[in-house]
Amino acid sequence: MNTTFRGVIPPVVTPLTADRQLDRASFKRSIDRLVDAGVNGLFFLGSSGEVAFSTDERRREIIEAAIEFTAGRVPVLVGCIDTETERVIAHAKVAAELGADAIVATAPFYALGGLPEIENHFRLIHEAVDLPLFAYDIPVCVHVKLPGDLLIRLGLDGVLTGVKDSSNDDVSFRFLCDANRKAGHPLVLLTGQAGVVEGAYMVGADGSVPGLGNVECTGYVRMWQAYEAGDWATVRTEQDKLAALMNIVNVTSGVSGFGAGVGAFKTAMALLGIFETNQMPNPVRALTGANVEAVAGVLRECGLEPVRTAEEVSASTVVA
Amino acid sequence: MNTTFRGVIPPVVTPLTADRQLDRASFKRSIDRLVDAGVNGLFFLGSSGEVAFSTDERRREIIEAAIEFTAGRVPVLVGCIDTETERVIAHAKVAAELGADAIVATAPFYALGGLPEIENHFRLIHEAVDLPLFAYDIPVCVHVKLPGDLLIRLGLDGVLTGVKDSSNDDVSFRFLCDANRKAGHPLVLLTGQAGVVEGAYMVGADGSVPGLGNVECTGYVRMWQAYEAGDWATVRTEQDKLAALMNIVNVTSGVSGFGAGVGAFKTAMALLGIFETNQMPNPVRALTGANVEAVAGVLRECGLEPVRTAEEVSASTVVA
Amino acid sequence: MNTTFRGVIPPVVTPLTADRQLDRASFKRSIDRLVDAGVNGLFFLGSSGEVAFSTDERRREIIEAAIEFTAGRVPVLVGCIDTETERVIAHAKVAAELGADAIVATAPFYALGGLPEIENHFRLIHEAVDLPLFAYDIPVCVHVKLPGDLLIRLGLDGVLTGVKDSSNDDVSFRFLCDANRKAGHPLVLLTGQAGVVEGAYMVGADGSVPGLGNVECTGYVRMWQAYEAGDWATVRTEQDKLAALMNIVNVTSGVSGFGAGVGAFKTAMALLGIFETNQMPNPVRALTGANVEAVAGVLRECGLEPVRTAEEVSASTVVA
Amino acid sequence: MNTTFRGVIPPVVTPLTADRQLDRASFKRSIDRLVDAGVNGLFFLGSSGEVAFSTDERRREIIEAAIEFTAGRVPVLVGCIDTETERVIAHAKVAAELGADAIVATAPFYALGGLPEIENHFRLIHEAVDLPLFAYDIPVCVHVKLPGDLLIRLGLDGVLTGVKDSSNDDVSFRFLCDANRKAGHPLVLLTGQAGVVEGAYMVGADGSVPGLGNVECTGYVRMWQAYEAGDWATVRTEQDKLAALMNIVNVTSGVSGFGAGVGAFKTAMALLGIFETNQMPNPVRALTGANVEAVAGVLRECGLEPVRTAEEVSASTVVA
């Protein structure tokens, strides 16, 4: 069983300047803060890393900065998310060239296909790029659920190193964990459901990829350590606190999807002084006004005191 | 907070004779076995209680037998599942007349509607029938997810006593549990995901409604007691064993949906001598041959020795 | 090929009194108006006939009144819509007993299943009830699309007499019509898409079941006659006028699904003096105020002058 | 109303060599054949033009060849299909630089969003690139249906020149055509449903984008001319013949989605000697054996005699 990619591996959110350039200073600050908190790895260009919104040039810029700022302190996983095999391979080659430690790919999307195409897709990526490959199971984005038996088979064949499970299907994740154990643990199984990591640990997950970790990561690290120590009461207490904080994604109004979720993460990080702005990539709009206030309110309730006012954050995306 | 409906409340599977009549002897045997195992209540005419397949006459027959055989030892909840309000109310009045302790209703289905219709639906049922009302959140059947804020509001208004959550959406269930706690615990929150009950307990569920409990209920009872005692290691051990048993629904082939799920439960119960047959309601066919063997194999792996052969069970649905 | 059920067969909307009883006088008025317009049959207790909202007692009342008021002038088809086989058969036996000329059933819904269950379902209904059987293909309600090859096979086997297609999938309907022709026309193929009947005629449909026909049926009859005569210019002109009228379902706000669609039909019929009220079945609310005005506006634009004011119609659902 | 983009505008299928390079000779042959048949424009890099499977480099190669081979004889539309705004704009700038006459973009996909993001997306693309912009409405790929009122508003604001409708929702298309007429015809409305173009013409479409036109285009041209002349009987006859030919996508087995649809088109074109191979892009496999035979059988039934054997076509994808 692979042990390089166990533990807490947050999907790193990408900071932008007001005019939507990569904000390198904020990016470095955030990466340092995560590494200092004790994470076991960092996942760049995931769904919350705005991979779908980033041009190829921007993706390259993000990977280069990620590798530079992480500086080998923890493994770097890079999302190579695109519609079909050859496009994914093109991204994967860039990631390999720039020094990624592992790559992460979803099932094909946009065009219609079936399981034979999905299996062939992962096999072809693995043949083309010599890096550990994680399957990213995210049906809400790609509209197909990766079947457990396919994943195990690809693990046993050495095609997949692990799975990042964002399927919000805890029943299937439970069966996957059990089947993986029976098969000799070929796959590293990471949950991406930041609000219910404790449930994934209960069924034997090898780690977590919590988007909320961008805002507050020490709790996820403590929860992981408690899990390793079999201290379930602490696992539960830590998760309860994090779930309360997760309410930043529920208290806004008039926004939805990525704008509500990552929008709240970025806003919280701007309020806490980690990010310079809460700017969002086109065509999404940044949170403003009452929505920023609402996020600040949740932070305060959870004992995270903002260092900037809601007005300052709302103003942060105005291009000078 | 209501304490009458806490704990383990299995959704009782309905036994049929070979010619698809209610098999009263098997039904009594199963109910006695569940009560003896220490359950806190029994839920009849749920999805796995084949409510959708049962005529009105059969539903009445099931409720009467359920009340008679349970004999007041534990509370009896009755599913009043139908397309729209007036049809649900008609079922609920029968349940009330026959002595049910609570009724369970889904959102409307078949006709298209929105949240105002759903809210009105539950309010009208509550006004029409003077019994504790549970909302049954089962999007896979009714194609809508009940929003947490609606459920809490209906709880605070005294319309709903609780929720039976079969949404397979652990993130939403987590938010619902937290919101319920904040609101003063107006709702009894029961999870219907038999394979991941431990995750639901981690987030604070008030009980479970495990279909698999029909096959093996003592584990669910021990898990509940361990949860109440804060003994998480035992919670986890018990759930792991039950999840292994849950594989009876995965080892068959050529069947799907209700036929695969409840079909496996009935087959296991026939193999264990609880049910006389594994007959299924029209238009579903009972498991036979290799599928029965496969279920028997899982039972043995889990230490539950069949008392009948696969051949005997396969033959049990032949009409003399 | 069956010729009893060809042509225009509107799905008859069910009028209610303010206190939600069957409004027999309005029902008779509407049926007479449809028969006088020259329809070729009448379909009661379809989706727009509020079958899902009607108790068994109400369904019986509707069928009795329908048979009485139609008085043999045209064939009467009755929707036997329920979750699974035995429940559908129970409805079908009532319909047969009361004198229906044909029955209409959907695929099973609520419980999960597959194609073998669907095929068995229709075969069992056919065996149980000696009346022509139509399959009602309405995936938006039952969440499965009936495959063309299954329908043709059931037609050739004498199980199905025809199909009422409400799938809003004109590509599949085209393939079904072609396959039916090739197979010797075993099935009567009726389209339920009231706004694009001309497209269905282009591909060779045997008739239509237009909900909008409740409001204005003479256009559908003229379109059918033009189709039979090969006069496509008239087919097109008539459909264009009907499509303009169909905007009654688009001009309202704050309502959705059945409440918007059948709600607009009932409101138009109340404005035109055919129905006494525009009352809707629980839990749906009748259109009021600006929504009634908007429907009246479309009627006027289409040359159908309301005989009652919007205020009168809005007031019609107030229980005295 | 724009008249540059009316009529028959096939989505051109991309031929590959056995080793999956762009087959320029076959591409030229196909383009010449389409122009000679009398098409009114050509749409490259649509869904059936394998845009989702093509790397950026391949997309550029296709556009260059398309412009070169079309040689100004008809307008060239280029699909700029990618997940989000900035990625689409990057493609659109390449298309503009290489000489496209119009660009075609879908709603954003992969990341979750709402209508404000979709509207902003089209506005930003229009601001960034000075070419006529078509919205590509293809919910089966992007999992959202573009609302008619949004499309009309973007048409009136000069953002959109037209819509390529592949929604398989003829009811919505009917409403869109009517609303467009009422608004002064700001949008060119093209249907992408190759099997039911006649229905779209009945409701007033401005043209069609038939994938099947790659195999046989003269029928689509004759149908368009008949439509312009009001000769509906000919419209119907031509469509009936084309629908019979469309069965090439139904007669195969063991394949699905893009592999079945475009796979059948490419196979037919290889059998007819237009394409050198029926090779498919990774991870999809080309049709072989009995599937190629089946396609050849439909061609023959439709009077299109293959010039190569099924064996030759099956062998065509073997890399030397």
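Just so it is clear, A, B, C and D label the chains in written order, and each chain counts residues from 1 on its own.
Everything below uses one rule, namely that contacts are C-beta pairs under 8 Å (C-beta built on N, C-alpha and C of every residue); 3 or more make two chains touch, one makes a residue touch a chain.
Everything numeric in this text was worked out from a predicted model, so none of it was measured.
S.K.: Give me the set of chains touching subunit A intersected with the set touching subunit B.
M.R.: Where subunit A and subunit B might share a partner, there is none at all.
S.K.: Where the CA atoms of subunit C average out and where those of subunit D average out, how many Å apart are those spots?
M.R.: Averaging C-alpha atoms per chain gives centres 35 Å apart.
S.K.: Once you find the CA centre of subunit B and the CA centre of subunit D, what distance in Å lies between them?
M.R.: The computed centroid separation for subunit B versus subunit D comes out at 49 Å.
S.K.: Specify, in ascending order, the residues of subunit B that touch 2 or more different other chains.
M.R.: If we look for residues of subunit B contacting two or more partner chains, we find none.
S.K.: If we use the touch criterion from the header, which chain pairs count as touching?
M.R.: Pairs satisfying the touch definition: A-B, A-D, B-C, C-D.
S.K.: Which of the residues in subunit A end up touching subunit B in this complex?
M.R.: 168-171, 174-175, 178, 193, 195-196, 198-200, 202-203, 230, 232-233, 235-236, 239-240, 243-244, 246-247, 250
S.K.: Could you pull out which subunit C residues touch subunit B in their complex?
M.R.: Contact set of subunit C toward subunit B: 47, 52-56, 58, 81-87, 90, 108-114, 116-118, 120-121, 124, 140-143, 255-259, 261, 281-285.
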